[in-house]
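Multiple structures are listed underneath, in structure tokens.
You will see two complexes here that share chain A, one where it goes with chain B and one where it goes with chain C.
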Partner chain A sequence: MKHKTFFWFMLPTCIAMVLFIAIPIVSIFVQSLFIEHQKPTIEIEICDPFGCKKEVGVDIEAYAALNEEQPLGRFNGLETYIDRNHLAFKELYEGWSNSKNFREFSSTFFNLPFYKALTFTLTYTLFVTPFVICLGFILALSINALTLKIKGPTIFATILPMIVTPLMGSLVLFWMIDAEGIIGSTIQDLFNDPYLSLKASTTLTWITLITYGIWHHAPFAFIVFYAALQTVPQEPIEAAIIDGADRIQRIRYVVIPHLLPVAVFIALISMMDNIRVFEPILGFSAEASAQSFSWLIYNDLRNIEVMNFGSAAATSILTIIMVGILLTPVLIKTWREFGETR
Partner chain B sequence: MATLADIKSRKLLIINTIFIITWLIIAAFPFIWTFLGSFKVREDFFSRSDWWYVISGFNTIIETGGRYTLNAYKEAWIEGEFWYAARNTVIVTFFVVTISLFLGTLGGYALSRSPYRYAFWILITALVFRAMPHITLVSGYLFPFFQLNIWGILPTTIIVLVAINQPFTLWLLYSFFKTVPKELDESGMIDGCSHFQAFRYIIMPVMWPGVITAGLFSLMLAYNDFTVTAMLLSFENHTMVPKLQSYLGTNQHEGNMMWAVASVVSATAPLFMIVMFFQKQIISGLTAGAVKG
Partner chain C sequence: MKMLSKITLTATLMFLLGQTTYAACGNTSGSINILANDFPALRTYTATAKDCAGAGADFKVNHTSEHSNLAMAALSANPAEYSARIGANSSIVPLMNEGLIRPMDDLVAKHGKGLQKSQLITIDGKVMAVAFMANTQHLYYREDILNELGIPVPKTYEEVVAAAEKMRSSGKLLNPYAAAYKAGWNLGEEFVNMFLGHGGEFFKPGSAKPNINNAKGIATLKMLKKLAGYSNPDFLTHDSEAIKVEWESGKVGLMTLWASRSGTLLDDEGDPGITAATKLAAPATVGGGSIPAATLWWDGFTLATNRSDKDAEDSFKVLVHAATSKKMANDAADQAVWLVEGFTPGPKSVGVLAAAKMGAKPYPMLPHMSLMHGALGTEIVDFLQGKESAQQALADVEAAYIGKAKEKGFL
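Take a look at the complex of A and B:
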């Protein structure tokens, strides 16, 4: 294809991506360098029958004028990145030198919002991803063995958790495990404890969220594995049968090695998706004990009156850096493959 | 020997069946349960005393006289103005699907036909863009959109969703067009048509399977989106998912929880039907990138 034709074909989609993906990323970076204006103060004299007092208050007019003039706020450099709500180097250092033992330090550590979110996001990702791969693989093997007639409906029911938006999926589960729902009340009866609630403890909330994550993502892994299973060559399997390998051995020594690259692909995609975990936290109303990076950004922006653009932007940049680290292996892999084919 | 293998394989079959049935219950039961519960009153679906009320409708009979009631739906759709949110969702979904397919087919086709290095770079960039969490991009939109005074309206959200969706659509259609033989359009060009004409008269008639798959994914993205629609639309313009969330926020009001239940069912039902209808295309689309990647 000629350069000129290519250009005209690509132009619309490139404009869309540059305007609404590339420029926003630059915009986030710029925003993260600024911070809200300090509110200018003014001395007001308040007089009452007992005399006059001078009081310091916010000069609303001057503040509005300042915002008008510099809507982004004042320049703050990289300060936002290291403040208490983000990397918090100072607090970490103080916590390290002031605490007597590791336990004391870890309580300081987990009270810093960024590290709290980091811990949850990583725990979530590291637990959900392997389980998703295992469950998806077993599902694909089992469903592949079904007769053609019932395969269709089974696949449909299997992918239901994936196609529902996470907010709704988590709500549907939340209503069941709530103290007033079917699972929640059954658990209370089983343990004979009317106050037992999944919301009450941090550990239980995390387990719930992780279970939800597996439930939501396993169908994706299933579909990819299922498709890949159709491409497994028949000859080695037949050879294995002749050599006397049973089903388990055939899976262990023929199918799994063939599917390994696919598993790597699923792992990376599912990690990318898990690291942005956000909607389940809202759906399960788990904000108090589980916070992710996406939730931190949302929290900075959700109140339309006071939006912390700077803080949200700094968290966004840090998130992007994390995603970038995760993405590097995929990029290198794609790069090599393309190099071979082109 | 043969009997031993028989016993073994029968055992395996039983284990397999049990496993699949268990999984099907886990995967589908929550939806069935919510569907049943949406025809009851709040005291039955969120019952402290007995979960069996969701089936028997104990309080529903007392309050409304029948075992099933459509009250939750009526209230959510009319009082809760869910119909307006549904209308917005239809508008957003329709335009997002149309525009992203238009941009995506052009781009995907060009990428699949270009032998040059820069096509590869565009694909890699698209892959990076695909990985960006949506909320980080949203935090980049808000400030400029406020300044330009285009925050809160449907067209802005539509174009943002189109852009966010482009990387995936491009990859999907790129790998689809790769499977359409090059000779097809080359033969047309030998006969004297331009590249655009070759695209219009030779490629377009054969591209529908790929386009349907890409369209379904755009549809699911636009229909299901929460992050972008919740943050970029003003309250009046909310689509179904953020609307649903706003019902939850005000749950002091007793009826609102049932509004949310009814709207979850109303919002998922059309999606399930579409998926049931197009199941084959969705699965082929998901695997198109995977088997190669």
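Take a look at the complex of A and C:
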């Protein structure tokens, strides 16, 4: 392709990327460096149906004047990034020097919101991604082997979990696993323990969320693998059959190597999706046991009317960095493969 | 005390005078957009306001339980998305600090004839909101179960625990207690109630420094955990709606729930046996205190700054019409404790009236309270799950609060 053609071809995409991705990221970063002005307080008298009371209030005029002068607020540098609600360096250091053993330190570590979220987000990503790839692959192979007649309906049924809105899907499951719900009460009966609850225990909540994640994402892997399977050349497979290879061997030595780049692509996309896990946590009301980066951002923005934009912005930037770190190995691999094919 | 006497007084006056005066309806045109929470009393209120709006008026209401998370952004826009917002104690101060709601003294003088003085929420003498109903959380009990087991109606949370234990050990109910403990706002609210019941103060006097990591805070957490022990194991995922359903399925004998939800518990839907045995009681006290472990709330409307004066006036007219509608208050007497002149409190108002009489504190109208509330809702979860000590949980709350308050410039 000529360079000029390429340029005009890519221009709309590039403009959209700058407008909707690059500029917002820069603006978020700038926001994360600032905190609000110290609010000048005065005593105010509040009267409501239950009586009058003197309370601490904000001197609105003085505060508005401060904002007029410096609309962004006070410059805080990277302080927001390292405070207790984010990277918490000070708390980690204190925890490290004050704890006698690793166990004590780990309780400090897992008590900090950012690291709590980090643990869940990583666990979720590292479990869901491989399972999604394996399950999607197995589904694609099995459905590919079906007769033409039932293939269509089966494919439709298989991709249903992906079509269902995540919030809906998780809500339906949430009601089913409630202690009064069909799955929840069956499990209680099975284990003969009336206090057993999938939603009360952290481990069981995590397992539920991960299972849901696999259920929801597997169809994506399936559909990509299924499409790729149609491109597997027939000659090497026929040759393998003549050489006496059984089905497993044909898959192992012919199909899998052919599909490997596709698998890398799925891994990449599904990791990016999984790091941003959010809807299932809301749908399952799991915030008590499982918190992800996205949930932290959401939580900063909903303290009843008051929004901590700076804190949410800092978490967003940290999420972007996390995604970058996690994707680096996959990206390097893709880059190398790209180089080799050249 | 004050409110009860006010209500009795007006009721008596109404009886003596035996007359009804309806506020003249505004019959407005223009565009009226309202943001409100979603429960039956508010729906009745906005429906009454709608009847008053003329045919030419563009009247829209958004009832959503997410109202408080929408309000700040929606009112910041210019022109604002909503001309009026129906909020409560907690919501007015943050909006006012950002200059997003307007004082309405002039409108009150012009159109607010039927309003009582107690309905006007004034901050430093300026009317910032008009209240129309009061709310609180109080006890509900199953009369049949209490009678069968010979338990008197609990007056303190210690008695609630004893009663719950009796219900469980008798084998009658597995998880006899319910309250909205859903992690987040609901759980934070339970702590606020219990902490005030213990006589706690959330902040050091005259400042925004947290003051919860003390004996009162620990006692509060211990009581919450004891109660949680008698609740459905999924308690951290249950909000008011979920425990209402639990109650209606007959699996709960004692419950702490909003007064404004009593209407849906006592309606014709569901098992008539359970409905008949559902009784309301005063909010319980705790730890030998005399004031109930509950907060008093008012619901009222505010007007957006970033809307035209005409929209504000039109919205004010219809909302004041509803806030002074004796007909609405008495037709929907079972839905809320209306602060409307001429309202005769019915049997379903018993919780709120008792709370006011016992001296329950109103929910603190402090600009930094919502940050404290948010921190409580997420940080005490670990304690309730048995993962950390009460001291650690309270220290976490304070640390999380300080981080947020510093960013917002309160500390």
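Going forward, the second predicted complex is superposed on the first by the 272 of 342 C-alpha atoms of A that agree within 3 Å, B and C clash if a C-alpha of one lies under 4 Å from a C-alpha of the other, contacts with A are read in each partner's own complex, and residues count from 1 in each chain.
What we mean here is this: a residue touches a chain if its C-beta (ideal position, glycine included) is under 8 Å from a C-beta of that chain, and two chains touch if they have at least 3 such contacts.
Everything numeric here is computed off the predicted structure, so don't read it as measured data.
Student: May I ask you to decide whether A:47 touches chain B, chain C, both, or neither, giving the answer as first, second, both or neither?
Tutor: After superposition on chain A, A:47 lies in contact with chain C alone.
Student: Name the contact category of A:6: first (chain B only), second (chain C only), both, or neither.
Tutor: Only chain B; A:6 stays clear of chain C.
Student: By residue count, which of the two partners contacts chain A more extensively, chain B or chain C?
Tutor: Partner with more touched residues of chain A: B.
Student: For A:307, using the defined touch cut-off, is the partner it touches chain B, chain C, both, or neither? Pick first, second, both or neither.
Tutor: Both partners, chain B and chain C.
Student: For A:36 in the superposed arrangement: first (chain B), second (chain C), both or neither?
Tutor: second
Student: Is A:82 contacted by the first partner chain B, the second partner chain C, both or neither?
Tutor: neither
Student: According to the stated criteria, A:227 is in contact with first (chain B), second (chain C), both, or neither; which is it?
Tutor: It touches chain B, and chain C stays clear.
Student: Is A:167 touching the first partner chain B, the second partner chain C, both, or neither of them?
Tutor: Only chain B is touched by A:167; chain C is not.
Student: Give one of first, second, both or neither to describe whether A:178 is in contact with chain B, with chain C, with both, or with none.
Tutor: A:178: touches chain B and chain C.
Student: In the superposed arrangement, which partner chain does A:145 touch: chain B (first), chain C (second), both, or neither?
Tutor: In the superposition, A:145 touches chain B alone.
Student: Show me the chain A residues, by the header's touch rule, that chain B contacts in one structure and chain C contacts in the other.
Tutor: After superposing on chain A, chain A residues 178-180, 300-302, 307 contact both chain B and chain C.
Student: Going by the contact rule set out above, which residues of chain C touch chain A in the complex?
Tutor: 2-3, 68-69, 71-73, 89-91, 93-97, 99, 118-125, 131, 134, 174, 182-185, 203, 206-208, 232-237, 246, 249, 251, 296, 298, 339, 356, 362, 364-367, 370-371, 373-374, 378, 381-382, 385, 387-388, 392, 396, 399-400, 402-404, 406-410
Student: For a test of understanding, state which residues of chain A touch chain B in their complex under the given definition.
Tutor: Contacts found on chain A: 1-3, 5-6, 9-10, 12-14, 16-17, 19-25, 27-28, 31, 71-72, 138-139, 142-143, 145-146, 152, 154-161, 163-168, 171-173, 175-176, 178-182, 185-186, 215, 219-220, 223-224, 226-228, 231, 246-247, 262, 265-266, 272, 275-276, 278-279, 282, 293-294, 297-298, 300-302, 307, 309, 312-313, 315-317, 319-320, 323-324, 326-327, 330-331, 334-335, 338, 342.
Student: Using the touch definition up top, name the residues of chain B that touch chain A in the complex.
Tutor: Interface residues on the chain B side: 8-9, 12, 16, 19-20, 23-24, 26-28, 30-31, 33-34, 37, 45-48, 51, 54, 102-104, 106-107, 109-111, 113-117, 119-120, 122-129, 131-144, 147, 159-160, 162-164, 166-167, 170, 195-196, 199, 220, 223-227, 231, 241, 244-245, 248, 260-261, 264, 267-268, 271-272, 275-276, 279, 282-284, 286-287, 290-291, 293.
Student: Quick one: in the complex, what on chain A touches chain C?
Tutor: Residues 35-39, 41, 44-51, 53, 55-58, 60, 63-64, 73-74, 76, 80, 83-85, 91, 107, 111, 113, 174, 178-180, 194-197, 199-200, 202, 284-289, 299-308, 310-311.
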